[in-house]
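Pasting a structure below so you can have a look.
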Amino acid sequence: MNNIQVDVETGKTPTQVRRTRSPQGGVRMGDDLIVETRSLTKEFKGFVAVSDVNLKVRRHTIHALIGPNGAGKTTCFNLVTKFLTPTRGQILFNGNDITHTQPAAIARQGMVRSFQISAVFGHLTVLENVRVALQRKQGKSFQFWRSGECLNELNARAEELIEAVGVAEYRDTPAGELSYGRKRALEIATTLALDPEMLLLDEPMAGMGTEDVRRTAELIRRVAANRTILMVEHNLSVVADLSDTITVLKLGRVLAEGSYAEITDNPEVVEAYMGAGHGGAGHG
Amino acid sequence: QYSDGKVKIGVLTDLSGTYSDLAGKGTIVAAQMAIDDFGGKLNGQPIELISADHQNKADIASGIARKWYDTEQVDAIAELVTTAAAIAVREVSKEKGKIDLVSGAASTPLTNDKCSATGFHWTYDTYALANGTGDAVVKNGGKTWFFLTADYAFGHNLQAQTEKVVKANGGTVKGSVKHPFPNSDFSSFLLQAQSSGAQIIGLANAGADTINAIKQAKEFGITQAGQSLAGLLVFITDVHSLGLENAQGMMLTTGFYWDMDDQTRAWSKRWSEKMGGGKMPSMVHAGTYSQVLHYLRAAAAAKTDEGIKVADEMRKLPINDFFAKNGKIRADGRMVHDMYLAQVKKPSESKGPWDYYKIIRTIPGDTAYQPLSESTCPLVKK
Amino acid sequence: MAEPEILLSVRDLHAHYGESHVLHGMSFDVPRGEVVTLLGRNGVGKTTTMRSIMGIVGKRAGSVKYQGTETIGLSSNRIARLGLAFCPEERGIFSSLSVKENMVLPPVIKPGGLSLDEVYQLFPRLLERGSSQGTKLSGGEQQMLAIARILRTGADMLLLDEPTEGLAPVIVQHIGDIIRTLREKGFTILLVEQNFHFAATVADRHYVVEHGQVIDMIPNESLAANMDKLKSYLGV
Amino acid sequence: MTLPSSVSSRQKPFVLALLGLGLVLPLAVYPVFLMKGLCFGLFAAAFNLLLGYVGLLSFGHAMFFGWSAYVTAYAAKEWGLTPELAILLGVALATALGAVVGWLAIRRQGIYFAMITLALAQLGFFVAVQAPMTHGEDGIQGVPRGMLFGLIDLSNTMAMYYFVLAVFVLSLLFLHRVVNSPFGQVLKAIRDNEPRAISLGYEVTRYKLIAFVLSSAFAGLAGSLKSLVFQLASLADVSWHMSGEVVLMTLLGGVGTVLGPMVGAFLVVAIQDFFAGIGSWVIIIQGIIFVVCVLLFRSGMIGVLAPWLKRRGITG
Amino acid sequence: MMTILGIPTQALFGQLLLGLINGAFYAMLSLGLALIFGLLNIINFSHGALYMMGAFVAWLALNFLGLGYWGALIVAPLVVALVGIVIERTMLCRLYKLDHLYGLLLTFGLALIIEGLFREGYGVSGQPYSVPSALAGGWNLGFMFLPIYRGWVVVASLVLCLGTWYAIEKTKLGAYLRAGTENPTLVQAFGINVPLMITLTYGFGVALAAIAGVLAAPIYQVSPKMGSDLIIVVFAVVVIGGMGSIMGSILTGYMLGIVEGLTKVFYPEAASTVIFMVMVVVLLIKPAGLFGKGA
């Protein structure tokens, strides 16, 4: 995005902020937690998918959630955004308990997610996809008696967003006709339109070709400037590249947590996730 | 003075639903026969016939009637099976000052609070049925009754009329059950009737409902166990589809039977040929012929097709045809004619196809129908 | 050494989705016992090629010969019975079947496939979740299931469409091992991959696809030498 | 089902021509027939708001149509209310019923939504059969059309026609507006991908409920008008056949188009009218028409006509 | 005498039994409907009409070929299955990719045509069909008189339903059917002839309806309307049981027969509505039906 914002407190651009705290994964960076889960647990008919997870996501960081398949990452996402109801435990967002809040309300409080399987509004054009998100903040969405023309005032902002993710040339194409990678990009633009404080991305790179992976990583880095991101991703080079903190889940439990360097040094993680010859970072 | 240079009669009936056998296409044939027998022309004006299906629905009936009066220059609408459809058409006819001739519908409100100066009720009604069958059955010793009643206006009306007759003759009503309309499984209701211990199970329903109830009563051994069924409205088409095996011995009231005399046989044979399929006419078919023919005679006599004037003429002229001997029309629109109490033959008694009834006795018109003094029709001066 | 037998031979294959013409004359060969990949950017027609081979694309023309039998014009069930099995990119796990039922769904078409026990040895996770509803598995588990179930059928030729998508690195390595094992057992594999680093560890040769056509073939041994060319093809 | 882009928004002249046709047509065609078509057209358009734009198939819309008809008929006949008040009362009831039914049904999807609306409508039908006010099979007959605003005598067929036409046109414009409003945009989004809409912060059930209530209100309006036009409210109006008929009309005309439901409604009404005289063959012919329509014009009449109209729009 | 809510227990037993008998028809019909919906994703509105056709074939066979009840029990399902197969091959097979509404519309049209043709041909009053002599008469159970024929209906329907259930849920065939519903293309790519399987399933589903029709012929009249009166109730049964659940529709069929039977005693006017009341309650509490999966 063109209007890179400046962190109010430090007067530095977010990239600078991140730099300063990145080397050690910012573990010491204090207690400004945006999301916290306490003993979060989810059982499906006796099968425990997520068990006693205490996740702490600090503000203005990129936090990655990795782990073997079926470790419970998506389930964690679903719990935090309330698409699933936890069996036990508590979820805090900005210090408020949201354990019993409706999913749509959570989105309105500024925590927005993407889906593991691409989610766009297939029959709406690219521009309309983004406008639907912008519209929510505009507050006219219940006004069934108003002409749709009143949405045009959002066009400028919407165009800015689709420009930023590189799908501007498809402005009037129905989103269903886009290729996979572009759908993902559009999805991010739509999410950003809500100007969320916190973004949850479920495997944003899945199924993307190498060139798209790189572009999307770049995009995520840019939008992370003044936001917090919690991300599930199997592409280790992306994870290494982007994340400040990494939590490794295994069989529903937290196996390890720390910076990329710390994680890769943990033999348990290597065994459970990266595998013996973890040249993972070399991928892509 | 004839409007638009022709006389036009519409037959509005059930061409596709439950009543399309006892009324339906056969009534169109009957009406056409009446027109042909009348000569096809009325004082030089051609007589036209149109017909339509009201599917037993009031809204369709009223829609078609309105359209016929507004755009087709129809002067009279005939047949009108199903009370709801008949009443719907009556409302429109009243508003437009046109004539409606009811043959198939049964309920008495047509000649009571829904009566009109231009509306006529021809073939039978629930009062006559109750009076005929109910009375005969009670007098034969059937003192205690249980009713299976179709849960709609006609069923309620028929039950109420019959109850009155039963009580008036010293019988008692042990109970009744209203079954959904239409309904195919009667076993549960029959069992209830059975456990009531009543001698007579009165069937205040019609068509397929009656047929199924009778068949199933036999199946469950109800009749063998000593209870009797009284079908309060049974058409010859119903008997045909039940088969004599199932229907034998049943008492019923009818306004017409094809095999009564030469005239009825002759007409019925002609009708049957025109219809094809070896069927014989029901009372509704015959009544439709009679009402159309009478309408034409009156219109000829009145020298106009203006509703009120023809209606007046219809009330003046006596009715004498194969269907009604010495029939006459009262102030409330009721065409009063003789009714017949009949019994269904045993298979062994039947000599051929459609040889189904023994006529037990004739119920003179004056006693068959509701006395004018009881009518709530505002046209009846008291 | 004699020329290897060509198991699958694709010649001038065209395919359409409704109005849009997607394959513009694909031609390539898959020798028996080899692992062959199709590489290419998103949307160049790799999946469509696989679907055309299986006979599940609306309109196709050209020639696809399997063991000398022409399959254009055969219905897909007949093609499968010749000995081809397909693992689709979207996985195709059935939600109305349990994991176990999904596993045993594809009929055994010839002897020579893996036994159920062998399959479970390769993917122990699937045994644990056996009674769960198929689509309740995590994304990666579903991917495993999709591969696992076609190993039993006895098909000699497997078509794997992006089998590593969404899998944890350790599993990706595992899949690599499995592909190599299968190759040793004599299976022939046609593989579509985005991740050419992975492809390089398993394949014998690579076909590069662009615009619905094969534009190049790189034997695996000369991959290193051709890396720059390949990177330019893939836009890396 | 696809959502063909609306025909009318770009083609003002076409719509004006249609309106002009509406104004002069009663001179040539039997106005009561036209009114029937308009009432059902409105009913189908209301139904289409739900099916075409929210993707919910209600199989119980006769409940709103029929009960509104009953209330209007009763109010006009028994209480002697003026037509506009009687209609208002009917619509109010339909709206309230819509809120209740919608609230109960909206959380269900697909076939379950269809069936729960059907079931609730059947309960409504049962009440109509049993309640004394509806007069069972006979229905409420002889409903006076009355004086509109105390001024215009609606018993005059032409007056009635133009009143119905006006209500129809205004309602259609309004429904069109709803579809293209900010609200309509959200509906389309929900229809395309509900979890995504939730994740953007939309309370989807609330949007669906509003759409449901709007739809039932207009279905009610159609019923009220019909009861005045035919001066009759009857069981047929609340039965499941009526619910089925409106589905047919909408599908035949084209789901998710503005004109489709109207075209479908006129088609069905015309078939019934035209073939009423030939007895049971009418049902067979109707059946054949449905089969042919499904096999040949899957996207509905308008779906087939739209490209043609578009072509004309470009050339002329 | 013992009574429950004013009804003698004896009579109540009788009513329960009668309910079960009606339930037998619901079960057979909803089973076929559930099967067809399950595999073809088509709401087969013509199911009632084909049930009626089954009964008519039996009647026609008797009157024109002299073929009796037992023969009809074999011939009628075959004839109707053949009709079903023709319908599926020529029409339904074009609709699988469309919304299932179109299947509903098409089969609704077919139902009108079939019903209309029989009405044209044979009128509406219905044709008599007598109970086969082997099954005539009845047993006096003490609390009621049970016609043998009705007992036979229950037994026949139980055998048919359980047999079908077993074939579908417990054999490989069932897994193919269920998988074929979800993703026919893929199942076919596994080497299974899905179009054939679909055609045969449709044929089998309507054959079940035809058998129910033959069984019904001696109890009800053989009349063109017999199917359309029933179809909506049968839909309700399938939904209450949970779309796609074979066992669900069987059990719900019997259960609703009983519920309906009891209603006929306590509140007869509501007998045809009670099923919808049950449906509302069930769907509000269990959104996917009693035995439905998911939710």
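A few notes on this one:
In this document, chain identifiers A, B, C, D and E correspond to the written order of the chains, with residue numbering beginning at 1 in each.
Keep in mind that, in the parts below, a contact is a pair of C-beta atoms (placed from the backbone, for glycine too) under 8 Å apart; a residue touches a chain by one contact, two chains touch by 3 or more.
As the structure is a prediction and not an experimental result, all values here were calculated from the model.
Contact with subunit A and subunit D alike is made by no chain in this entry. Here the chain-to-chain distance from subunit A to subunit E, counted in touching steps, is 2. Interface comparison, A-C versus C-E: the higher number of contacting C-beta pairs is recorded for A-C. Centre-to-centre spacing of subunit C and subunit E amounts to 44 Å, using the average Cα coordinate of each chain. The mean-CA centres of subunit B and subunit D are about 38 angstrom from one another, to the nearest whole unit.
Separating the CA-averaged centres of subunit D and subunit E is a span of 33 Å.
Multi-chain contact residues of subunit B, defined as those touching 2 or more other chains: 16, 20, 151.
Across the assembly, subunit D contributes 129, 280, 283 as residues in contact with two or more other chains.
Listed for subunit A are no residues, as none touches two or more other chains. Listed by chain label, the pairs that touch are A-C, A-D, B-D, B-E, C-E, D-E.
Subunit E makes touch with subunit B in their complex at residues 8, 11, 14-15, 18-19, 21-22, 116, 119, 123-128, 130-131, 138, 144-145, 147, 149-150, 219-221, 223, 225-226, 229-230, 261, 264-265, 268-269, 271-273. Across the complex, subunit C meets subunit A through its residues 41-43, 89, 125, 129, 132, 136-141, 143-144, 162, 165-174, 194-195, 197-198, 234-236.
Contact residues of subunit E toward subunit C in the complex are 172, 175-176, 178-179, 181-183, 185-194, 244, 293. Subunit B contributes residues 16-22, 151, 177-180, 182-185, 187-189, 191-192, 195, 207-208, 211-212, 215-216, 219-221, 225, 237-238, 240-243, 245-246 to its touches with subunit E in the complex.
Looking at the complex, you find that subunit D touches subunit A at residues 2-3, 174, 177-178, 180-186, 188-189, 191-193, 195-204, 206-207, 210, 214.
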